[in-house]
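Written out below as structure tokens is the structure these notes cover.
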Amino acid sequence: MIKDTKVSRRRLLKGSAMAAALAGTGTFFGPWTHTRVLAQGQKKPIKIGFTCDASGQYGDSGQDDLRGCRMAIDEFNAKGGVLGRKIEWITADTETNPATGSRIAERFITRDECGFLVGAVHSGVANAITQVAAKYGTIYLNTNSSAPSEAGENCNRVKFVWDGNGSNFATATVQAAINSVGKSWMLLTNDYVWGHSTSNATKALVEAAGGRIVDNLLVPQNTRDFTAYLLKIQQAKPDVVAAAIGGDDIKALRTQVAQLKLDGKPAWINNQQDWPDVWGAGADSLFGVFGTTWYHKLPLPGVADFVRKWQAANAGGPIPVPGNVSYNGYMATRELLRAIKRAGGTNNIKVIKELEGLKVSAADRMQHFDAYMDPVTHQMQQTIYLARRNAKPSDPTDLYEVISWIDAKAATDTAAAGKCKLAAYDQVPTFEL
Amino acid sequence: MNLLPHILNGITLGLLFALIALGFMLVVGLMEQINLAHGSLFALGAYLAFVVVSGRLPLPVEWVREWLLVPLAWRYAAALVVAPLLTALAGMVLELCVRRTYGKDPLYGLLLTFGAAMVIEELIRLVWGTRDYVLPVPPSISGGMIFWDLIWSTYRFYAAAFSIGAIGLVWLFIERTPYGAIIKAGAHDSEIVRALGIDLTRLRLYVFAFGTLLAALAGIIVAPIWGIRPHMGVDAVVPAFLIIVLGGVGSFWGAVAAGILVGLVVGVSGAYASEWSLLSMYILLIAVVTFRARGLSGKKSLLEA
Amino acid sequence: MVLFEAENLQMRFGDRTVLENVTLSFGAGKLYGIMGPNGAGKTTCFNVLTGRYRPTRGRVRIDGEDITGLPPHLIARKGVSRSFQIMNLFNDFTARDNVMTALPEMRARSFETRRAVASDAKLADAAEAVLARVGLAGKGDVRAKNLSYGDRRALEIGVALAAAPRVLFLDEPTSGLGSDGTARLAGLIGTLKGQLTIVVIEHDMPFLFGLADEISVIHWGQVIAQGTPGELRANDWVRRSNLGKLQ
Amino acid sequence: MARHGSDATQLVTPAMLAVVGVLASLPLWIGQVGLYPYIGIEIVIWAIYALSFNLLLGYTGLPSFGHGAYFGIGAYAFGLFQQNVLPGLWPCLAAAAGAAALAGLVVAAFISHRRGIYYAFMTIAFGQVFWVVAIKSHAITGGEDGLLRIQRAPADFGIVSFDLRDNVSLYYFVLGVFAVVLVALWRLVNSPYGRILQAVKQNETRAAFVGYNVWLYKFSVFALSAALSGLAGGLFAMAQTSAFPDVMSLHYSGYVVMMTLIGGGIVSFWGPVIGAALFLLARDAIGAVTTAWMLWFGLLFMLVVLFKPEGIAGWWQDLRREGGARRPGLARLRMLFGG
């Protein structure tokens, strides 16, 4: 029910006097308020809305994200749910489109009575959903959008970010590459927020380590032909090309680099490779060094078991093994459900506080180091892996060779804390569903 | 920076654009019908080619295994024939719908094919999923070659040469064969065509199918560069439409010239102001059509009314 | 008194000369005919006179005022109206709305947005008057596209007439009509004669020779003969041509 | 599209009263039919947008296929004005309409002498230019992430002020704007100006030769339509508390065309309203069941274009024509929906 003691919510209520008069009732949040009150005392299911893309630039990743999220829910439901309550979920296509994301968030919260929203790949969509979620105080897990701004200037008290971000990956790669490859760098930047913030982070790190940026080529989103850029790169002859290209664009870039056999010199650093992007393209076009948060052949306890369960749940799907996107979705959803359990209910402020204090052991994360939620930026601080194409795969899914891993502390996005301003708890509308 | 490589790149890119626009132009020029599903049929062609080359055929397992033993070059060649023909069949089905709009405001044909584009794209998504595929090509036309001290993609030159060939053949077909003459007459005076005892309905069906076939062919040629994904159709139909408007409705060489011009502008702006390169073609169009009523060399057409 | 005149008009499209040294003058209140074979340049001549094309050389004047190269709507506002050989109506409008749209009263209020057209009875009355004048009384509520061919021809003239022109150009008003229809149109144009200056392009010689005060023959883009019907009957070219034999 | 009879002369028609009345009661029952107030806000805003779009497509016959640009410009202008100049609701809405009108004037100056396919593609090209500029100007518009943190400023009427932060009060506010737009547009399309727009649609040549400056009509109506689209965009920015570049994309520009046609904007004043409601409801309902909603809506759209290009309003008019004389109930409905 709504514990309507907080300033902002009360102001909202007062403001709608006109609506109340017209509607002739005391309530004007529509059916939503009624059902919330009615829910009191019953063992009503906990409902989660998955705001996953099914079409557009990140349709592929969004659906892989969803597979991981569902797996976590199935595991809890098999054990009887959380606090004796079943977990239900609903999803709709956010179309990699912020305006659609915004509408679907409104729908999930006000019509479908979801107390929690999960899922995002595109930072624009994530922000749109965050704004709606913040208005209602609904907790939102940004599973896979890795724009540094998500845990920086666009952070929010109700939003938690689960992927490593561009700055993390850049920190992990730059120093090593300057030492082993060379100091002359060229940047290839997808011309939108994630690309820009990632490239800016890379640039700062390269310059701090004594390297030099010879050029920064901005690539419009939806570029299908990279020849002009590749010609420029060949003419400039840098030691390293650091690419912050995402989604469908990276797939096209990869194919064209492979065709030209340009994947040897210069050395390529791809900030991050999402598994669904890699799987579609085929092994021989995987090039360069890149960051990730997880790999299905990590030699750690529990990984093989997790992969088996995932495969059982997603047999016949388009991707045969879980990758980092599905992993992030799974981990986020699992930790949310655990936090609800620890909080003893779905009161959003209590769950937020639980998530802010979250610490997960390495074994539990199936990563090399312990992880924790940064209470200041709401970003999961976790192991960052560097990988490249596996020259000697053990099976057709074994595309990566993990070459190193570093602890969260060594790859922290140090700028984020200064940019992120979380609202005070009493500024967040509170409720329990 | 040496500009020459970028000009060369622009021309090869332009030839690809012209190839993409070729089928669109045929249908616009000869039937005064804007086929916004052109891009989706282009995508369908690429998907079908992928199915043929990679052996994902709905056939018994042994047959598929046999088929995959055939050298890639042969499978690729087979795809170049089979996929466009199959797509042309889909095009014929679409024409059966589109023919209801003949004689009405051309807007209706445009809108109908807009709806068809949505439907085809969603069907592709349903059948093949949202993930993308790579069309394997024979080693003889992949890889790189070196000149001007730079590595160039062999495939792009193959694609450019293929485009030139296709453009030439279509031109010969229209200008030098009786079929072409009939097609042209069908466009400009349906009375005359009827008087000659030619079945106009069937003629339009075949012209539409031919346009679709060219769309599929373009899809197969472009697929190894762009990758195969459901919305590749939108990436193709907008430039195709733009090229036709820029070249002028009803002008074969206008469209070819417009294609190359667009390629040059995109290629060269990619070198100097890369972030604006996608916009450059629109600015080119605005600059030309503001001053020239029918693009570069368009003719009077129903589509202006 | 000369109301409308064209002086040494030349019209070229690319390297083709369609009109050469065409000089015409039309006096107030008279009816003029223009004849000549297909492709002679008659319609092009109208198009130049009414502003669709700008002549490559020469001058067009109305009432002494130079209107050469003005756009059609400005020429129309000087009191020049025209009909078209291929009918040009507002097909989805009713006959009354077709005529109403052309009324000078409507033009005067054309950027007005507050008052509804339908609330203005004066506009409707004026339109009815024009309809009655061209023999379409009682057909005001029929959509133009649903009128009979002959009625559409009459409406074509009605729309041109509604603009209250000083000079009315009619481009083959009987085109496509049978003999009954042609007679009806001839009657209609006959009733208009004397009320304003009318210039008619026609192939129907009895029609033209019966009505016109003066006829110009255009051939190969030039005026090759000019005169009253009587004078032209004696003209060599008219006699040699098929047109001549028809009379 | 000629509209005769008494309705055309009225300031407020029975149909308007009925539609606004039904919409006003919507918050009372929308929950019972499985919907939520926010969808009502989007429907009304898109209805304003589609009505202003139909001024071009349905009334003047101008295929503007990049119209999302003006909707988007309105949204950005609303947010930027609020964050940088004046926070009040009225100046922000004026800025939204004004900025879109300005953009419309510039574009119209380039395209008003063009027709048909050339006109259509010029509007697409300009739409793409605005869209790309919105994405590229990160510093001003927030790029792909959009312009965030736009406030739902209170509607201040001097004596009373209404807070619009909850969805129901914002709904009533946009409904009020919708009612004003309805009255204004109904006036406009039945005025001499509106009549000449329809004449231009049917025959540009004839309109010119009876003395109308066709260019000026095409030019002015484009700017007017852009201004109203911008107003709708400003409301949308309020609803979403953000402005995003995607509404300017070709896809979204296509949506408004689909809405207008499916509803029957070609033959009826009310077509765009019907279409906007149907489109958004179908998207919401089908989208909750399957992620392939575009497939079903695309098929529906094809069927409409094939078998009833006049859209739902056209189908309704036919039904009325056949049955109206016999059944008094239908005749009464005819009075409502005019024609």
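Think of it as A, B, C and D in the order they're written, each chain with its own count starting at 1.
Keep this in mind: a residue touches a chain if its C-beta (ideal position, glycine included) is under 8 Å from a C-beta of that chain, and two chains touch if they have at least 3 such contacts.
Keep in mind that what you see is a predicted model, and the values were worked out from it rather than measured.
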Centre-most chain, if every chain is reduced to its averaged C-alpha atoms: D
Chain located farthest away, centre of chain B as origin (C-alpha): C
Intercentroid distance (Cα basis), chain C paired with chain A, Å: 72
Cα-centroid distance, chain B relative to chain C, in whole angstrom: 48
Chain B and chain D: spacing of chain centres that average the CA atoms, whole Å: 34
Inter-chain centre distance, chain C versus chain D - centres from mean C-alpha coordinates, in Å: 41
Residues of chain C whose C-beta touches two or more other chains: none
Of all residues in chain D, the ones touching two or more other chains: 132, 136, 294
Set of chain B residues in contact with two or more other chains: 125, 275-276, 278-279
Full enumeration of touching chain pairs: A-B, A-D, B-D, C-D
Chain D partner contacts - residues on chain A that touch it in the complex: 11-19, 22-24, 28-32, 34, 54-55, 90-93, 97-100, 102-104, 106-107, 110-111, 122-124, 127-128, 131-132, 135, 147, 149, 154, 191-194, 196, 220-221
In the complex, chain A residues that touch chain B: 54-56, 59-60, 63, 191, 217-220, 222-225, 227-229, 231-232, 234-235, 248, 251-252, 255-256, 259-262, 276, 279-282, 285, 318-319
Touch list for chain B against partner chain D, complex: 34, 97, 100-101, 104, 106-108, 110-112, 114-119, 121-123, 125-126, 234, 238, 241-242, 245, 249, 275-276, 278-279, 282-283, 285-286, 289-290, 293-295, 301-305
Chain D residues touching chain B - in the complex, by the definition given at the top: 63, 110-111, 113-118, 120-122, 124-126, 128-129, 132, 136, 250, 254, 257-258, 261, 292, 294-295, 297-299, 301-302, 305-306, 309
Partner chain C, residues of chain D touching it in the complex: 1-5, 8-9, 187-188, 190-196, 198-199, 202-203, 205-214, 220
